[in-house]
Structures are given as C-alpha cells and as structure tokens.
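Two complexes, one shared chain (chain A), two partners (chain B, chain C).
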Partner chain A sequence: MLFTKDDWGKALEELRKSTRILVPVKEGDLHTFQPLAEKGIPDWNYQNTRMSPKALVYPQSERMFEYSLGEGDANAHVLKESSKEYKPQAVVGIRPCDAHAFQIVKLNFDNPEFKDPWWVKRHDSTTFVGLGCNEPCSTCFCTSVGGGPFGKKGLDVILHDLGSRFLATSLTAKGEGFLAGLKGGQKAGEKDIAEAQEMEEWAGQKISGKIPTRQLKDKVVNQLFNAPFWEEVAFSCINCGTCTFLCPTCWCFDIQDEVLGKEGDRIRNWDSCMFPLFTLHGSGHNPRDKKTQRVRQRFMHKLKYYVDKYGNGVQCSGCGRCVRYCPVNIDIRQVCELMNNY
Partner chain B sequence: MLEYTEKIRETARKLLEEGKVEAFIGYTKGTVPMMNHPVVIRDPGKADILHWDSNCALNLCNYLTKMKGKIGIIANGCNSRNIVTHILENQVSRDQLYIVGIPCKGMVDHRAVKRAAGNREPEEVIEEGDTIVVKGRGFEETIKKKDVMQRNCLVCTHRNPVIYDEMVAPSVEEQKEVDQFKDVQMIEEMTSEKKWNFFTRAISKCIRCYACRNACPLCYCPTCFVDESRPQWVGKSSDPIDTMTFHILRAYHCAGRCTDCGACERVCPVGIPMRQFTKKLNKDALELFSWEAGLTLDQRPALDTYRPNDYNDFVR
Partner chain C sequence: MENPYLPYPVRIEDITVETEDRNLKTFKFVFLNPEDEVKFSYTPGQFAELSIAGKGEIPIGIASSPTEKGFVCFTVNKVGLVSSHLHNMKKGDLMGIRGPLGNWYPWDQMEGKNVVIVGGGFAFTTLRSSIIYMLHPENRPKFKDITVVYGARSPGMLLYKEELAQWEQRKDINMHITVDSTNDPKWKYNVGFVPAITEKKIASAEDAIAIVCGPPIMIKFTQPVLEKLGFSPERIILSLEMRMKCGIGICGRCNIGDKYVCKDGPVFSLAQLKTMPPEY
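And now, the complex of A and B:
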C-alpha cells in the first residue's frame, strides 16, 4: 500500500482509537517511543531512539506479584499475580535492527522449554511496523549480524520512505491485519516498488561497518575465555550499565521484593552483568568480583555462549548504540574482531 | 591543544624506556567522533597510540584507585585536583606517580556539537585551533569551539594542573571573572516546590546505569550503598523516589571533594544535568569553608577535619 505522509499520519490518528500506537518522538536531544497523541508528534526522520524499544515488551521494572504479610489476612504469604495490561499495541517506525533484536531475545523468553508469560503476551499483542533505514548511521553493522537496513526479521510491516510517501508492505498475517485497519492509501504501482528496491540496495551499500563473526562458533570456549586480551579490553571500562541498558538484546534481570508495612511487591528489574551485585552469591562469594571478568562475560555471552547454545548467530543486531554511547569508547566491533580472529 | 599529542607521546616513551614508570595512562583516539578511549600502555613502542584533543574529558584519576607500582599519567587542571584528592584520601601515593601536566583550554560538549550540526550525525569532527569542523553525509559545518564548550569548562578557574612533574606546554591563562555559580543561584532562588520539581524533572530520564557514579574518581567505595543488598538501603527498580535517593546521596558523597570535571554529565547516556546536584555543594564548601577541592596536599579537606577550638558551636 502507498500512503502520502499526510494520509499515513491521519490513518494512524484514526487507528489510535482502537490500538495503542507508539511512534518515535523527539524529546530534548533524544528520541523515545511515545504513544501517538496530541503531544506525541512522530519524527519519521529520526535515526534511532536512544534507548532500544525492548522496554515496550520488557519494561525496566515490572511488578510480577503482590503479597500480604498480615498474619490475620486469609491470603497472607500467598503470591498473587499483579494485574497487567495487554491491549493491542503497534510500534510504528521501529528500525529493522531493533525488530530483529526481539527475534534474538525470543529464544530466551519464548522457547519450547520455557515461556515467560509476560514477555510472550506483550510480544504477541504488539505489531511491529518497521521503518527501513535510508540513511544508516556510521556505527551500524546490521549487515554483519544477519540483518540489514531493510531487514525483515521480526517485522510485521515494513515501510519504505519514498520522500513524500510511505510504501507499506505487510510481511505477516498480523501485518496484513494492521494495514487492513488503516484508512486511505492506495495500491502501490510497479514504479513505486522499483523505487523502494533501489533504495534498499543503495542503503545496504552505505553500511560501512563490517565485522567478522564467522569463526566465533569454531573457537574453543576455554581458549577464548583465557585469551590474553581481556585485561586490555577491560582496562578503560567503568562498569556502568550504559551498554547493557541501551542494548536491544540484553535480557538479564534481577528479582527483588519490596515491602512497605505488611504489603509486598515482587518486582523484576533489568540487571547488568557490569554490576558487581549481578553475580553476588548469598554466601558473600562473588565469582565475578573483578571488572575484567564482568567485561569478558558481556562479550562472551553475546559473541560465544549465545552462538554455541542457540546456533542462531551472535546475540547482537548491530544497532551500534553501545558503540556510540559507551562513555569510554569500548567498541564491540573491535572486540568481536579480536575474538573471531583469535 | 592538538600540539600536545606529540609531547605526550615523547614523554611517555621516555618514561617507559627509562623505567621511571611501569605504566602510562592516557587517551587514544576513539572509534567514533568526539569519543576518546582511555588506555594504559606498558610498552614504550606503543607510545604513538597516545592522543590528545578537546574530547579528552573523562577523568583519568578514576583509574588510579588502588593501582600498584609506578604510574605515569596525564592530568589537566581538574584531573590533577582529583589526583590531589586521591592522595589525601590514601587511594594512591604521590611517590608512585609521575604526572604529566596539561594546560587545558577546555573540552568540547559532544551534545552541543550535534545540536550545532542540526542533529545530523557527525561522521568526522576536526579540531583546528579555536574552530571545529563537523562533517557528515551531505553537510559540513564550521563552529567556534567556545560555542560548544562543556559548561563546566566555561566556568573553570583552574585550567592548569595544580600538581605535576613536568608540563607538556607553558601554562595557559586562567579564566578570570567567570560567574561560577550563576546556575546554582537560579535554583537557590526557587521555592522548595519549584526546586523539587526542577530536580524531579532533571532525573526523570534516569535509567540507573550509574555511569555518572562510575565515571567519577570520587566514587571508589568497595561497595556502593546502591549495590548493597544486606541491608538494602535503596530500591533497585526505576521508581523515581529510589532514583532521587541515589542522585542526592551520590552528590552528598562528593561534598567538598568535587572538582567539577564534568565527567558525570559527559557520560550520561540520557543527558541528565548531574552537575546541578554537585555544584551547590561546591558553592557551599567555598562560601562556608573557603574550600575548593584538590588544590593542595598541605591541607586536609574541609569535611574531614575539625578543630576543638572551632568558633562554631556545633563541635562542642
């Protein structure tokens, strides 16, 4: 379907009445996904959101259960699932790398062995409407990790920005349903489709970052683990959570109980392997009490353990956030190369 | 300041070759514009990777904590003041260090550069004296460095190192008559409610990554209070009250110690104006105790000393 950008905006406005529509909105220096509303004016020319959109399915802090500690209470000490909302939502304008990332983490949250009920329900109630990248950033390396500026993994619909118009192509039944629910638009002509195709090829060539990942799976875990370069890689790391919290594929969490008086909540929070508390045992022993061990863990998890465990490539979609925002410029592209070529 | 690079390389090479230091801490050029990468080198043959420009705005003193052996380090004004504080607080000793002093002309605020480039992605940022040339796809902008300086550098009154073994260049003129605390005064004049709203809004984007804390050389506690789990002092979720508790306590732990190096603000991934918390305490330290952190090894910091005969009542 082909929409003028005006018509696209109007169609989303109309759809907003029945579906929660999330769009990229500029706030100060950075973009975030916000519900489309009078204040949430979408900026379709954005590069990417500062935070990855993983929080839309997997919030940074989520109340899982509630309980009472009141002895007189009939339900004392019984966990009750917190009420949650799974209203259908559509993330419109998500970049292909971030949609791909949901597929990468799906192997953890939704597999034959384990299902995380909240992640699964929220993921399944979300429609991913991607916006292909006409202008990839200089730090993007999606094409090295199984994606591309117009990659379709994890997307229900893909948009091609053709200047004054959007070409919207459905990729799944969910996407078809989404487009059927939009008013306006017209059937795309051959010329528009050819133009979109040309755009895709052009954008693919613009990705300058190429990182080698092919040999990672053949490396011996212990040899990589004991490689001599980790001290040097980790020296500058300040062990903050910027890389892990901005990352669309970092999924680790911590579960905390918070009690006020006799009422308690069991909360799940994003955690970070950069934090010392991450692996602190009840005994007081910490198997990763040194910075270098924590830095190594992050890269080994993404670029070796995940590769070996799932046979699905690396746990990275090449969005480049950690490259751009690491305070001390530790560059995963370089570390990946070190590991791959070791 | 680009001309310092050659001198830094030469000095580091010589120090390592002569065995005066075992390790040398500096920066190497980063892989993305305006981001440089702290490095430690131990091999004189690697001295050529060292680099200096107006994007070296982290605080290298951060890496000195409990470091062993003889260490060479580069230090501009604020970093040198943190080294003094580190020595006073027994985190490193003076005789371990060979300090290569850098007369600093101020650091560039990477966010301001992006804004000046119309929020387009800078692919190359070239520094030429007092101007900065920003190049990206289909654009090239020339901006004046003074228009995109970090805000802490604009009000800095200690650009030259206060402690060093040698300098890479002659001292630069210190900035005179800068109004250091204009922004603090604006907040002081607010009602309590407005102040609360100001700080609540300031931290509303915080993701609790602790980059501000970890970029700061003052934060070296073996276990930070936010990382304690038994007892747990502060909640680990993104609850705004816990987040505010973290920011206020972090700032108070820096009272009388902060040198306004700006590293906390620089590294924040979501652009929180962290210095508004610490600067008020710097102002109080100056007004109440005539104290500026890290200027001398000969005096204990304002908040870790007292006199039994102090003229104030509270000590008695």
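And now, the complex of A and C:
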C-alpha cells in the first residue's frame, strides 16, 4: 500500500482511537517511542532512539505480584498476580535491527518449557511496523548478524520512505490486519516497488561495518573462555552497565520485594552482568567477582553461549548502541572478530 | 497461561533446630491447597524457591522425599535477608513455595547399581531426600549396595542426627559418619575429613555411581579420591549452587557457559562439568 506522508499521519490518527500507537518522538536531543497523541508528533526522519525499544514489551521495572502483610487480612502473605492491561498496541517506525532483537530475545522468554507470561502477552498484543533505514549510521552492522537496513525479522509491516510517500508492505497476518485498518492508502505501482528495491540495495551497500561471525559456532567453548585476549578487552571497562542497559537483546532481570506500610509488591527490574552483585552467593563466594570475568561473560553470552544454545546466530542485532555509547570505546565488532578468528 | 513465577501458598507445620550453632533449621511445610501438593510432584535432587512476601525468594534443595506424603521439608542455613527472616518465623506462619525446579539425580542410571553418597556439612539435604527415597520398601530392591560417607565439623553440626542413628542400625545401608574433630569421649563414629574417610571406606567403584554434595573444598579433595578408586567422570555426580532469581532459566544470572544451573542443573556429572567453563 502506498500512502502520502500526510495521509499516513491522518490514518494513524484515526487508528489511535482503537489501538495504542507508539511512534518516535523527539524529546530534547533524543528520540523515544511515545504514544501518538495531539502533542506526540512523530519524527519519521529520526535515526534511532538512544534507548532500545525493548521496554515497550519488557518494562525496565514491572510489578509481578502484590500482597498484604496485614495480619487481619484474608489472604495475608499470599501472592496475587498484579492486574495488567494488554490492549493492542502498534510500534510504528521501529528500526529493523530493534525488531530483529525481539525475535532474538523471544527464544529466552517464550521457550518450550517455560513461558514468561508478561513478556509473551505484551509481545503477542504488539504489532511491529518497521521503518527501513535509508541512511544507516556509521556504527551499524546489522548485515553482519543476519539483519539489514530493510531486514524483515520480527516485523509485521515494513515501510519504505520514498520521500513524500511511504510504501507499506505487510509481512504477516497481523501486519495485514494492521494495514486493513488504515484508511487512505492506494495500491502501490510497479514503479514505486522498483524505487523501494533500489533504495534497499543502496542502503545495504552503505553499511560499512562488516564483522565475521561464521566460525563462532565451531569454536570450542573452553578455548574461547581461556583465550588470552580477555584481560586486554576488559582493561578499560569501568563496569558501568551502559552497554547492557541500552542493548535491545540484553534480557537479564532481578526480582525484588518492595513494601509500603502493609502492602507489598514483588517487582522485576532489568539487571546487568556487569555488576558483581549479579552473581554474589549468600556465602560470599562470587564466581564472577573480577571485571574481566564479567566482561567475558557479556561477550561470551552474546557471541558463543547463545549461538550454541539456540542455533539462531548471535545474540546481537547490530544496532551499534553499545559501540556508540560505551564511555571507554569497547567495540563489540572488534571483540567478535577476535573471537571468530581465534 | 500458567504463571511459573507464582508460588504455592504453604503453612509452616514444624521447625526443627538441626545444629548446635542454631544456624540450620528444618522447616516442614503443608500446602494450603491440597491440589498444589499434587502439582508439586518432585524427584530427589530438585530444589524450590522459598518465597516470603515482603522479603523475596531463596533457592533451597528439597530435603524431604517424594515417598513422604502430606508435607515437604527444607533445611535452611541462616545467611542473608530471606533466610534470616525465615529463621525468625513461627509455626503456623504463611509463606510460599515455587517449584519443583531443576533436574535431579540420575535415578534411571542408578537403578541396578551400587550407590555411593558422599556429603559434607549442610549440603546433605537432597542427599537425605535420596536416602529416604532409596530405603523406601518399594525402591530398595532397585539398588545394590548403598554406602554413605557424611561428615561435619563436629558431632553437633551433623544434620538429621536421629535418622543417622537409625540408618547406622540398618543392614541395607552402610553408614560412615565422620567429624573433622571432637573431644567427646562418647563419639563412636569416625574422625577425619570426608575425602580421607572416603578413601578408607569405599572399597571399589565397580558398578557404582557416586553422588557428591558439599562445600567446594570437600568436593575438590574428594574428586581425585573417587577417580583413584576408579570412578569415571560420567559416574561422579555433583550438585551445584548458584545465585538465582527466576529458577526457570530466564533471568540470566546462574549460567555456566550455555547451561543454567537452575534449569539444566543443579545436577551435573563431572564429565559434563569438564566440558563447561570453570566458572562456579
């Protein structure tokens, strides 16, 4: 379907009445996904959000259960699931790398043995409408990790920005339903599709970052674990956790109880393998008490353990956030090359 | 969708102080809803998350045996926020149990074989579960000789003292209880560290599987003894501990390489561990 950008805006505005629409909005110097509202004006020319959009499915802090500690209360000390709404939502304008990340993470939250009910329900109620990247960033390396500036993994609809128009192509039944609910579109012509094709090829060539990953799966895990380069890789790391915080594929969490008066909640919060408390035993023993061990864990998890466990490539979608925002310039592309070529 | 994070409500039925330092207590729980006991169907070697509203959860090995009906038991060392709070709780108090979690000792492999159990200190809990399970009249014929080496720092630090004394009297289990040292003149069992007693008392590894649970230092020195006796790494079974939260392989912290101790473990053979990064 082809939309003028004007019509696209109007169609979303109409759909907003029945579906929660999240769009990239500029706030200060940064972009974040915000509900489309009178004031929430989408900026379709953005590059990417600083924070990954993982929080749209997996909030940084989330209530799991609630309980009463009041001795007189019926059901005191018994946990009850916190009530939540799972209204249909659509993330419109998500970059293909970030949508791919949801697909990578799904294997953890939605596996044959256990399903994380909150992640699964919110993921199932979300439609992912991707905006292909005409102008990839210098730190992007999506094409090295199974994606691309117009990659379709994890998306229900993909948009091609053709200047004054959007070409919207549905990729799943969910995406078809989404487009059927939008008014004002026209059938795309052959010329438009050809233009979009050309755009894709051009963008793909613009991705300069190429990292080798093919040999990772054949490496012996303990040889990589004992490789001599970890001290050097970790030398400058200050264990700040920025990389794991911004990463769309980092999923680790902590569970904590919070009490106010006689009411309490069990809450889960994002956590990070960069912090020593992450693995500290009650006895005081800590299997990863040194920063080199923690840095190694992060890279080994993404580039070896995940690869071995799922046979689904690396646990990285190539968004480049950790490369851009690491305060000491640790670069996953270089580490991946070291591991792949070791 | 079943919520795997939701604990079953339980009531504390009984509390037993196990050790002379009063740091280890056994808690006996009864499920508030009888149908939850059926859902909590477990195998010796598994663990569960003990949940206290307002405090949090701790992963603890199940000390009771599935042959014991109507309750479940956990022996808890007082170390942190949750376990300290639990130690101050009373009979009748309400809390939660989430599980059973993790894998179990390789019962299918152990059938028809000699079983050697080596335990130290307060890591004897899932071993107690295993012994009770094997000694049950329905299960005892499935195993050949059962030999147990169990040690603690002193006589007062041994867990389950009454049961140990009963097992000492039985003909269908060979008990070798030991303490690191004692000045009790009435002490009638062994004195010496677990690895030394294991070397002295275990005659052969023939047709046998060894289960080893204890502090890291005990495991470190018992391993070469067992290997010298002829136990291959496939027949040395260990149970590991790790800081855990979710208990179902999702929250990400208890990994060793690509294995999660909570879901793929806590039970691993030495052969498996040799292929995994030594990060535990």
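Basically, the second predicted complex is superposed on the first by the 342 of 342 C-alpha atoms of A that agree within 3 Å, B and C clash if a C-alpha of one lies under 4 Å from a C-alpha of the other, contacts with A are read in each partner's own complex, and residues count from 1 in each chain.
Convention: a residue touches a chain if its C-beta (ideal position, glycine included) is under 8 Å from a C-beta of that chain, and two chains touch if they have at least 3 such contacts.
Because the structure is a prediction, the values reported are computed rather than measured.
Ranked by how many residues of chain A each touches, chain B and chain C are led by C. Once the two complexes are overlaid on the shared chain, A:Asn329 sits against chain B while remaining clear of chain C. Look at A:Cys240: by the touch rule set out above, it reaches chain B but stays clear of chain C.
Applying the stated contact rule after C-alpha superposition, one finds that A:Arg95 touches neither chain B nor chain C.
Looking at the shared chain after the overlay, A:Arg122 reaches neither chain B nor chain C. In the superposed model, A:Leu79 lies in contact with chain C only, and not with chain B.
By the touch criterion stated above, A:Asn269 is placed in contact with chain B alone, chain C being left untouched.
In the superposition on chain A, A:Leu280 makes contact with both chain B and chain C. In the superposed model, A:Phe225 makes contact with chain C only, not with chain B. With both structures placed on the common chain, the touch criterion links A:Asp254 to chain B and to chain C. Common to the chain B and chain C interfaces on chain A are residues 254, 256, 280.
Residues of chain B that touch chain A in their complex: 30-32, 35-40, 58, 62-63, 111, 114-115, 119, 121, 123, 137, 207-211, 213-215, 223, 227, 229, 235-239, 266-267, 269-271. Remark: chain A residues 64-65, 67, 69, 76-79, 81, 108-109, 111, 113-117, 120-121, 221-222, 225, 251-257, 259, 264, 266, 268, 271, 273, 278-283, 285, 287-288, 293, 297, 300-301, 304-306, 308-309 touch chain C in the complex.
Chain contact summary for the complex, chain A toward chain B: residues 28-30, 47, 50-51, 60-61, 135, 137-139, 235-236, 238-242, 245-246, 254, 256, 258, 267, 269, 272, 275-277, 280, 323-331, 333-334.
Across the interface of their complex, chain A is touched by residues 1-7, 9, 32, 51-58, 77, 79-80, 83, 93-96, 216, 241-243, 245-246, 248-258, 263, 275-277, 279-280 of chain C.
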